[in-house]
Amino acid sequence: MRKSFSWNELLITGLIKVSGYSAILFVGLILFFLLREGLPTLGEVPLSEVFSKRWYPIEDYFGILPLLGGSLIVTLGATMIAVPIGISTAIFISEIAPRWAREILKPLIELLAGLPSVVLGFLGVLIFTSLLRRALNLPTGLTAFTGSFLLGGIAIPTIVSVAEDALDAVPRSYRDGALALGATKWQTIWRVTLPAARSGVLTAIMLGIGRAIGETMAVMMVTGNAPVLPVRLSMLFSPVRTMTATIAAEMGEVASGSVHFHVLFLIGIILFLISLIVNVIASAVVFRQRKRSERILS
Amino acid sequence: MKRIQSSHSRQLAQRAAFIFLTAIALLTAITILMVVIYIAIKGGSAISWEFLTGLPRNGMRSGGIFPAIVGTLYLTIGTAIFSVPLGICAAIYLSEYASDNRWTRIIRIAIINLAGIPSVVYGLFGLGLFVLFLNFGTSILAGSLTLAIMTLPVIISTAEEALRAVPQSFRVVSISMGGTYWQTIRRIVLPQALPGILTGVILGLERAAGETAPILFTVAAFFLPRLPNSPFDATMALPYHLFVISTQVPGMPVQIQYGTALVLIIFVLGMNSLATVIRSRARARRQW
Amino acid sequence: MIKIHIENFSLFYSDGTESLKNINLDIPANAITVLFGPAGGGKSTLLRVINRLNDLADIKQFSGKVLIDGQNILDPDLDVITLRRRIGIVFARPVVLPFSIRKNLTYGLELAGIRQKQRLEDAMVRSLNQAALWEEVKDRLNDPAVALSGGQQQRLCLARSLVLEPEIILLDEPTSGLDPISTGKVEASLHELKKQYTIVLVPHSIQQAARTADHAAFFLQGELIEFSLGKNIFTNPLDKRTEDYVEGRFG
């Protein structure tokens, strides 16, 4: 009996194989086109100028430091809001909430995750900016803090779902063991469950940060339009510009092929690399955690 | 020697912690609800048949948002056409064919990467490849392709999970009866995984429908009060429309802004509910 | 007449450990041959070699020959699909496909490209009768197979293995988990079936082995210790190790 040969089966299997590798192709394509349009910057603008403090493209000032600083401060603020709230909510859902509360809370978090960021930006512009302005007596409500606030809200669902998965994955025997030794429920959570889920929670935070760095619309709508390098903490309440907002706001008015055009792509490359690093580290942590728990439990 | 905490103070600490956590969770839940309810209330009055099916007038300040709705619909369909078959095939490869070697790990890293790229960078990519290099111009085609690549990682991960959930014993039985890999996938694995795959597809498309940054430079037009005729036309789209009318147009009636936001939310959340319903119905009818 | 001829067969796992050591065994046609022994003896592995099902698992190396009707099935150019259709297998846990009872049975035929309704019906009725399940399910053939009891599901799996009219039936602890009545029904079916088929059975208890075996092979840690007629090996084993196991001195 010779092996039977089916052209049909071969074709389909081939298509499936190619599809499997397509992800690599797309990453490559994205990187390629970013580099294609972004690298010319290095020939047009001296590197020292790119890393200077003045972003004023109309007069050929292409310093991206204020933009980096803007992204940094907004993301930092967002992290400080989203992490406590997100982790607390995750602990609540996973360890404390009764069944019915969980059934309500989880869909609500999913709802928040599904809300387009432009809707949150819209609310921010209409309501939050004027609220903030009046409350703190600021010249304008379009500030870094406004952006952090919205961004925090956007990052919360990411942190909650990943952290909650991590807490859920802690084996029941850990909790049971602690309780059997006389610990209260809270002591169990704080001293046993949470540390056991440590790397998953860390991953959640990193992914949340990654989400915050990459957000465009909400920050563009509420952080104002000032590419000023934030150096003091009080500047949290003044306008800034993030890297993402810069690309979104200025690309529309830029001549394709111009220096400005190339610099915007260069900023895109930087964003690509940042997200690459953050996400790869986060997932490496997850892989390692899974392997370790497999070893412990087997 | 460390002083052992008294039972009373331990209980107190637990009380405090629980109250704190409950308060935060409650606050979060209420805030989310309020956001949706607020938009519903303020925007509800703007929703009318004319609003949904009419063309905009007076510089977008009155009339309807029909072109934006249609544009978003076209983009969603276009995204589905490009991302769903490719995504499902890739998921089948990872779940049924790929062995655990270095290349597979590279594929997985690539997928994680794609999932994390900021949406505005996708916009740049779409601009560079589809609009300029391939000369599609600002078009539904360019926008759909860009959104499709952005949606791919979501579809691949959820589809792969759905496929892996199908019990391995089914595959073994099929192979032992003389079935090929593909026959087994086509007749057993894929149909059983379909609800899960569908849920993932809908959630992915829901995200694509709500995104603004990738379509900014690839397809979106603001002042285009007529419907697109071909995939090479630019079009209005709901998220972009909301963005512009809330930040760029002076004298825009607040009601219209809320109304547009509400329509967008309904569109997106409608898909969400559809996915949830499919998921729970499938779970109930599962034969394993 | 010898149906399956196993000659100097050894199988190594990918990490080098030997799973089966130099097996020499002749399995006769139209009889029930029982492979028995303590866990880890290699019985299930040998079973899966016969229909090349172990191709699915970690790549192993093997040496030696396994001939079915004189043809070496270990040949890499062999058409495994056709081979597997000639061999039916029943596993330890009943695995019904997530379809109706009818579809569970016609699945194997559909895989082979057979589509005529009448042929499918006839094959289904025949195999359900052979598995002594027909009377119990004839009125609910369109019901989901998962609705059946455990014993019925396993007999459905037996019927499913017969639907392609194979020549050999392999059973790996098919009644482990079934109540005594269902077990009895399965064993009775096997006694009938052996008139037409070659049956290789891994029993889940030594009592089952004694009840069903025409021929029996005792496996211990990958080696074939003894092979003889069923009526002899349990009452009068030749090897001391066989005797110890049969007497229950280890298990």
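Going by the order they are written in, the chains are A, B and C; count residues from 1 in each one.
To be clear about the criterion, a contact is a pair of C-beta atoms (placed from the backbone, for glycine too) under 8 Å apart; a residue touches a chain by one contact, two chains touch by 3 or more.
Keep in mind the model is a prediction, meaning the values are calculated, not measured.
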Maximum centroid distance from subunit A, chain identifier (CA atoms): C
Chain with minimal offset from the mean of all protein Cα atoms: B
Distance between the centres, which are taken as Cα means, of subunit B and subunit A, whole angstrom: 16
Whole-Å gap between the CA centroids of subunit B and subunit C: 49
Centre distance in Å when subunit A and subunit C are each reduced to the mean of their C-alpha atoms: 55
Contacts with two or more other chains, residues of subunit B listed in rising order: 180
Shared interface positions of subunit C, touching two or more other chains: 81-83
Subunit C partner contacts - residues on subunit B that touch it in the complex: 167, 169-170, 172-180, 183, 187-188, 192, 286-288
Partner subunit A, residues of subunit B touching it in the complex: 10-11, 13-14, 17-18, 20-22, 24-25, 28-29, 31-33, 35-36, 38-39, 86, 89-90, 92-94, 97-98, 103, 106-107, 109-125, 127-129, 132-133, 149, 152-153, 156, 180-182, 203, 206-207, 209-213, 216-217, 239-240, 242-243, 246-247, 254, 257, 261, 264-265, 268-269, 272, 276
Footprint of subunit B on subunit A - complex, ascending: 6, 9, 12-13, 15-17, 19-24, 26-27, 29-30, 33-34, 36-37, 84-85, 88-89, 91-93, 96-97, 104-105, 107-112, 114-123, 125-126, 153, 156, 184-187, 189-190, 207, 210, 213-217, 221, 244, 247-248, 251-252, 256, 264-265, 268, 271-272, 275-276, 278-280, 283
Residue ranges of subunit C in contact with subunit B within the complex: 51, 53, 56, 81-85, 88-89, 91, 93, 95, 97-99, 107-108, 110-112, 144-146, 160, 164
